[in-house]
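Quick heads-up: structures coming right below.
Below are two complexes that have chain A in common, paired first with chain B and then with chain C.
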Partner chain A sequence: MENATVKNRPMRMKISGPRRAFLILNTTFLILFALLCLAPFLNLLATSLSSDEAVNAGKVGLIPVGFTANAYKVLVTKIAFFRAFGMSVLRVVLGTAVSVGVITLGAYPLSKGNDAFRGRMFYTVLFIITMFFSGGLVPTYIVITKLGLSDNILALILPTAMNAWNMVLLINFFRQIPKDLTEAATLDGAGHYRILFQIVLPVSLPALATVILFTGVQHWNNWFDGLIYMSPDNFPLQTYIYNMINEANILRQQLVTNPGDAALLAQIPTKTLESAQIFIAILPVIPLYPFAQKFFIKGLVLGSVKE
Partner chain B sequence: MKKFYSAMSSLMALTLLCGALAGCGYTEEYDYEAIDPGTLAAPRAEYATPEEDAAKNAAYRAEYPTLDRYEEPVTIKVAAIQYELEPDVKIGTTPYNQTFNKIALEKLNIKLEYSVVTASTMYDQKVNLAIGANQMPDMFYTTQAQMFTMLRDQNMLADLTEAYYKLNDNLLANYNDYMPEAIKACMKEGKLYALPQQTNRFATAQRLYIRKDWLEIAGVEAPTTIDEMIDVGQAFLDHKEEIAAATGISAANVIPLSLHKDLTFSDSYGAKGMFNAHGAQLGGYFMGEDGKLYSSNTSPEAQAAVETMRTMYERGILDREFLSNTSASVQSYVSAGFVGMVFGEWWLPKDSLEKAVTSNSVNGADWVWVDLPSYNGQERRPIVDRLLISGYNLVSANCKHPEAVAKLCNLFYDIYYSDDAQERYGTDVLPSNGFYYQFVPMKIWDGMDSSVEYRRVQKAFNELYDNGLNSRDMFKSGLYEDLTNAQIESSEAAGEKIYRIAANDSGNGYFCIRRDVIAQINGNEKLKAAFNSMRNREKLLHFADGYPYFVAYKQKIATKDMTKEEKKGWGIYHEMIDENGSYAYVVALSEGEKPAKYNEFYGTALSAMTDYGEYITTQTSTYFTKMISGESAMSSFNDFVKDVDRNGGETIIGQVNAWYKAVHAFDE
Partner chain C sequence: MEEIIISPETEETAGNAETEEVVENAETEETAPLLEERPEGQSPKRKKANFKEQLVLHSMLLPGVVLVVIFMIVPMIGLVMAFEKYNVVQGFFGSPWVGFRHFSNLFNRPDFWQATRNTFIIAFWKIVFTSTLSILLALLINEINLHLIKKTVQTVLFLPYFLSWALLGNIMVDLFSYSGAINYFLEMLGIDPVYFITSNRWFRIIIVGTDVWKTIGYQIVVFLAAITNIDPALYEAAKIDGANHTQLVLHITLPGIMSMVVLMSILNIGNIMNAGFDQILVMYNPSVYETGDILDTMAYRIGLLQVGQYSVGTAIGFFKSVISAAFFSVSYFIAYKTKGYKIF
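Moving on, here comes the complex of A and B:
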């Protein structure tokens, strides 16, 4: 009886002394490291919530000095900022949708064997070439402008829609899906589209989540194409911020030519306003990773086939 | 097969050898091509200004009208930089919808089509891209000298001689009287390939800005020599406790002199002023006694400047932490009231000095500025480029109407610089209706206008003050009045003139110049005349911000005793209005009242500069920083000179002298 109670007690894993020390040190180190990664963001937030004077004096570290939400109040009235924000959101949503659609449609046939898809080798090589060589800036610019896409959101979406890296990722994932699954569907009379959308995609959620995350973040962070193809009224957010931060220097250089530009220089946002805008700009991306986490579960196909 | 391989390998070796030889050859045999500017084809009628000979001018203008309208509509593709809007400009104005387009179409029958519109940070690259893509606009502006020479040499630019003669009298006079050498620099074999932007090279002159209140606390005078400057810095250090107590900052934050970490940084807040004071300019070339140009980096003057900074660093006068400073951090320390002395161009008062003056956490900040201190008994001179062209207005060789560039320049000038523009062109010329000078594709400033601006405003202020607009009580609370759109509309309907300064915080109206003050001015003919002698922009900027300060200043109220609204005018007043203001120095230099030293090299980088320039700049900064911070002895200056000479310095000097000879080959 006594023995039984002892047996029923939850087992406590024995951890040796050195091992315990290592775990404590390791956890502490990782927590500190995580906090360290947080520091720049906290500094940004603190700057945006501090008074201009404290920021100028370099007093602001991780905690706001001379707390004021003034920068955010001013920011609320900045139409250009929110227009840029909207443009970025639109770009991410539309861009990711188009991109994932195109990539999936490309990856599915290429994941088939040579006997099922005769021209597979040719297309694989074709796509791989785009991974290493591009037409270059000027030819791309010519293509975009000749297509009449300048200052059009499609100019930001179409050129990067077909991302060969992401496609290779999907191809490899599709290949790991047991053949029996698709063969069973074929026997039941399903065509390729039905197999892709109802069998392959639902079991490929982890890979799809990865591709969506990569594409979305890439669209959110890209500033250069916005600068080239869009007019300032249609800048996406990152382009808008890039311009905001660098314009002051350009204007200062021009003071030599036109002293009147001093008035324009006064329009340049202060450091606090700058920080507030950058902070708002990174906000949407921060929660993306934790939320996408739940899709990164392997083994969705586990148990679907009995060997 | 063996034969084939050996043939192939010989061919390969030969190719490599050729490449290597070519690589050696081009720097050694580099020869700068002399460009003959020639003389422009004479105008078909002799020119005289209206003041010189009215009849002659009329005859000339019959031949070269300034604003004649095209009979058929002419479409011109242009480029524009879309800057942030200034507060008085109608919200939503873009280059595409600005009223200048409408006026150009109505008055000149020119339809402007914008093929490149982008923000300032990308403008040059985007124009480059468009040219590369064979989509060059018909007319555009660029700051890149390299782009200009490249396009000119490939015959892609139109001859602008005819356009030049069509410029209005003011613009012509500016080019002829103040910058003939800039026009010459844009000429080749008797043709003019650009209308250079009008620039005042003296606006780059550096000065030393010093905290006036610190001088008083430390009981010293503003320095006139480098030795005195060191003494002043030492006095600031010795009195840092008193300075801290009086101004409310901590003693540890008292920085007698602050600089940018990169010694080759050649803008405000850097060490340029320090080098200039010693007669040196990093990256500059001066005429030696042997009639040849020498590099200033390796000159004894540069060495002297480094030695001075070394002394200052040793004593703690030069900020010990300056090696982590960017210009933005120096700027913010100045704003926070930590810095006693700083070098910079004329625009510092409104940029950062004003922030220290108006700061709530600094008590009694005030500034003085002096010419660069003299070293070793030399004359006190700033250093400026012999020729400074900050931008070019270019016209494509494919453009069918190159003379339109002159018409557009004239139209812009007419709108922007004349006070009766509204009578002639209607309310479209008002910023509040969508006219924004920054969006106009042609960049032509009345370069000399700024020089007279401060005199005009100074005169107007004094007249206003002398004619009774001088009660401090009236201006204590500033000149801003927050009006809703409804209030503005009803006032304007009643025939009142409303001066909108900026959109207000709530977004449903504007800050305007106080209506009671405008009413008082309009009630008195003398006041009205004085007020209206200012241009619209001057009323909104100089008057609205600066006048309350001016009244208090005139009554000898100390800056620290002024109200917040009065202090707000400190920057604009001491920059652009005061006769001892910072811009007045630029004017004095332009008019030859004060001497300057000239950097003889200008224009695009020579091939050796492209090859070795970056290395030399980095080495200069590294060696100098080490000497200043005491990490290496002053004797390592000799190692530096050897290092530079060995690694491209001599090649560059050779090219620079060849360039100089070529550029001056056709001088009379």
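Moving on, here comes the complex of A and C:
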């Protein structure tokens, strides 16, 4: 990006007519396109802040109609929502810690050459197999339930903890750490664990941050595993939202066949409340974006230079 | 030889691996530093110390290997149940053997072939549209000469990438629903409302379109990073030679990222069986099974939602895994042969 700015600055004095027209047109087009991509979120926010009547009548576009914060007031009293939120936070923290721990430990020996670590080929083949092939949904489900992990948070943490793709990222980063650094430590009598934690990790922070970010976001976003392994009381937030809307849709269909069933109607969350919950679930991810763009480019592009 | 690897966010299961994307520039032709050979004729003491050192390295891999064996290798062995009439009591190895019966039953079901076709069609168009649009948009965004606007556009396009389909899918279903915002705007334009979500004519278009919307921001960031990596000296030299702006884009920027584009396309072929399980699970409904049901959703519905159909669900998953592994191997082999790309 720096290059582009530097490149353009001296040029600005002598931008030709057609070029200027292109720049204005291009910039306008991209701004409009970005707004179009943002529109679904604006609609979501507008829906959550509109009156139920306006939403049901399909009158809400990008601005709230019949403004009310009622949905958020109801949301504050919904214990199930906050319990699910807490479950998600717990799974992000534990899941990321376990996964990054396992990956980091594994990446260190695999970043060594075949001669320095003689078992390397065996492990590489084992991990590559898992990248190419999988047992698929049903056998994995059976293994996890037979281990007695149903409705246990470990079912959300352990199966995805050893992520070979993230490990490759760290391996590539570890490889380009100057050998002198680790060799000097070996001569001083440091063991592999000490070298990893005191020398390799401190200089690998960009790559580590990238992996932590990816893993954390994955844990925040995964919902299908929650759906098949957890009971409704222990659903993480995304599963809770999926399930809430899914059940509401089933109830709405029943309402079509028995119109005017007041008991049924009372069970269905309003569209505004649904939107408010989705909106709140989006918020925790937003602060990550500035980091994401920075680390992405630093951690991924530079971090995985293969030599 | 130096190559830059960019790997995108990975899927939750390693087996469902997304693409690992890649490569750029080889400006310096360096030979890889040779690994130091261990000196021959070590003393017994040294050998013992070395053995201990190797043991330490193995111990570091232990947690990862245990997890992989339990949660990935054992389920692969569990695929034998696709050839059995599996029941929970008798388990993977005790259940009665039925050979290829589940497969021959599946191969006679029209909905199975429909799901297979849908998988290919949806994945194919997702790849085509995401790749072409992201290159085009990256080139256009790169032309913006106001830093703040450039950053903002980039960030907005990136926004959906880190959000789950449980949220985005529901946002989209509401947006396209009969009383949703899209129909609201159509009505303002005097167009009759459309039942998008239950229409077999529209469903695939919506699935592909919303997936492009979700993932394109990431691809743009990757391509913009590649453009930034192009040597500025090339542009200077071309300008001195009198090249105009269009020529710079066509003859320097585009060739500069071409290597990465080709490689990403090759690696994308490996993903042709991943049409987007969680997206479709959130967005589809029985009226669009004809155009929207894919192998993953079918395996889930039959294998886990219907009672006693574990083996049939497994057979569908097995069928998908085998084809997927074949495409994946071929695409990575081509990437290795043509671009020197290696996973490890």
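Rule of thumb we're sticking to: the second predicted complex is superposed on the first by the 238 of 307 C-alpha atoms of A that agree within 3 Å, B and C clash if a C-alpha of one lies under 4 Å from a C-alpha of the other, contacts with A are read in each partner's own complex, and residues count from 1 in each chain.
Keep in mind that, in the parts below, a contact is a pair of C-beta atoms (placed from the backbone, for glycine too) under 8 Å apart; a residue touches a chain by one contact, two chains touch by 3 or more.
Predicted model only: the values in this text are computed from it and were never measured.
Chemist: After lining up the shared chain so the two structures overlap, which partner does A:Met162 touch, if you call chain B first and chain C second: first, second, both or neither?
Modeler: In the superposed model, A:Met162 contacts chain C only, not chain B.
Chemist: Contact-wise, after the overlay, does A:Ser231 reach chain B, chain C, both or neither (first, second, both, neither)?
Modeler: The first partner, chain B, only.
Chemist: In the overlaid three-chain picture, which partner chain does A:Ile250 touch, first (chain B) or second (chain C), both, or neither?
Modeler: After superposition on chain A, A:Ile250 lies in contact with chain B alone.
Chemist: A:Tyr123 in the overlay: touching chain B, chain C, both, or neither? Say first, second, both or neither.
Modeler: second
Chemist: Which holds for A:Thr77: it touches chain B only (first), chain C only (second), both, or neither?
Modeler: first
Chemist: For A:Leu110, select first, second, both or neither according to whether it touches chain B, chain C, the two together, or no partner.
Modeler: Only chain C is touched by A:Leu110; chain B is not.
Chemist: What is the contact status of A:Leu137 with respect to chain B (first) and chain C (second): first, second, both, or neither?
Modeler: both
Chemist: What's your read, chain B or chain C touching more residues of chain A?
Modeler: Counted on chain A, the partner with more touching residues turns out to be C.
Chemist: Which partner chains sit in contact with A:Asn56 here, chain B, chain C, both or neither? Use first/second/both/neither.
Modeler: both
Chemist: Using the superposition on A, tell me which residues of chain A are in contact with chain B and, in the other complex, with chain C.
Modeler: Touching chain B in the first complex and chain C in the second, residues 56-58, 137-138, 141-142, 228, 242, 271 of chain A appear in both lists.
Chemist: Within their complex, state which residues of chain C touch chain A.
Modeler: The contact residues of chain C facing chain A are 2-7, 9-10, 12-18, 20, 30, 32-33, 35-38, 53-54, 56-58, 60-61, 63-65, 67-68, 70-79, 81, 88, 91-92, 137, 140-147, 149-160, 162-168, 170-172, 174-175, 178-181, 183-185, 213, 221, 224-225, 228-230, 232, 235, 245, 277-278, 281-282, 296, 299-300, 303-304, 310, 313-314, 317-318, 320-321, 325, 328-329, 342-344.
Chemist: Under the definition above, what is the set of chain B residues touching chain A in their complex?
Modeler: Per the stated touch rule, the residues are 82-87, 91, 94, 96, 117-122, 125-126, 129-130, 132-135, 197-200, 203-204, 253, 267-268, 329, 332-333, 335-336, 338, 345-347, 350-351, 355, 359-361, 388, 390-391, 437-438, 443, 445, 447, 450, 453, 505, 507, 537, 541, 575-576, 583.
Chemist: Considering the complex alone, what residue numbers of chain A touch chain C?
Modeler: It is residues 1-8, 12, 19, 22-23, 26-27, 29-31, 33-35, 37-41, 43-44, 47, 56-62, 101-103, 105-106, 108-110, 112-119, 123-124, 126-144, 146-147, 158-169, 171-172, 191-193, 196, 214, 217-218, 220-225, 228, 238-239, 241-242, 245, 271, 274-275, 278, 281-282, 285, 288-289, 292-293, 296-297, 300-302, 304-307 of chain A that touch chain C.
Chemist: Could you list, by residue number, the parts of chain A that touch chain B in their complex?
Modeler: 53, 55-58, 74, 77, 79, 137-138, 141-142, 145, 227-228, 231-233, 235, 242-243, 246-247, 250-260, 262-268, 271
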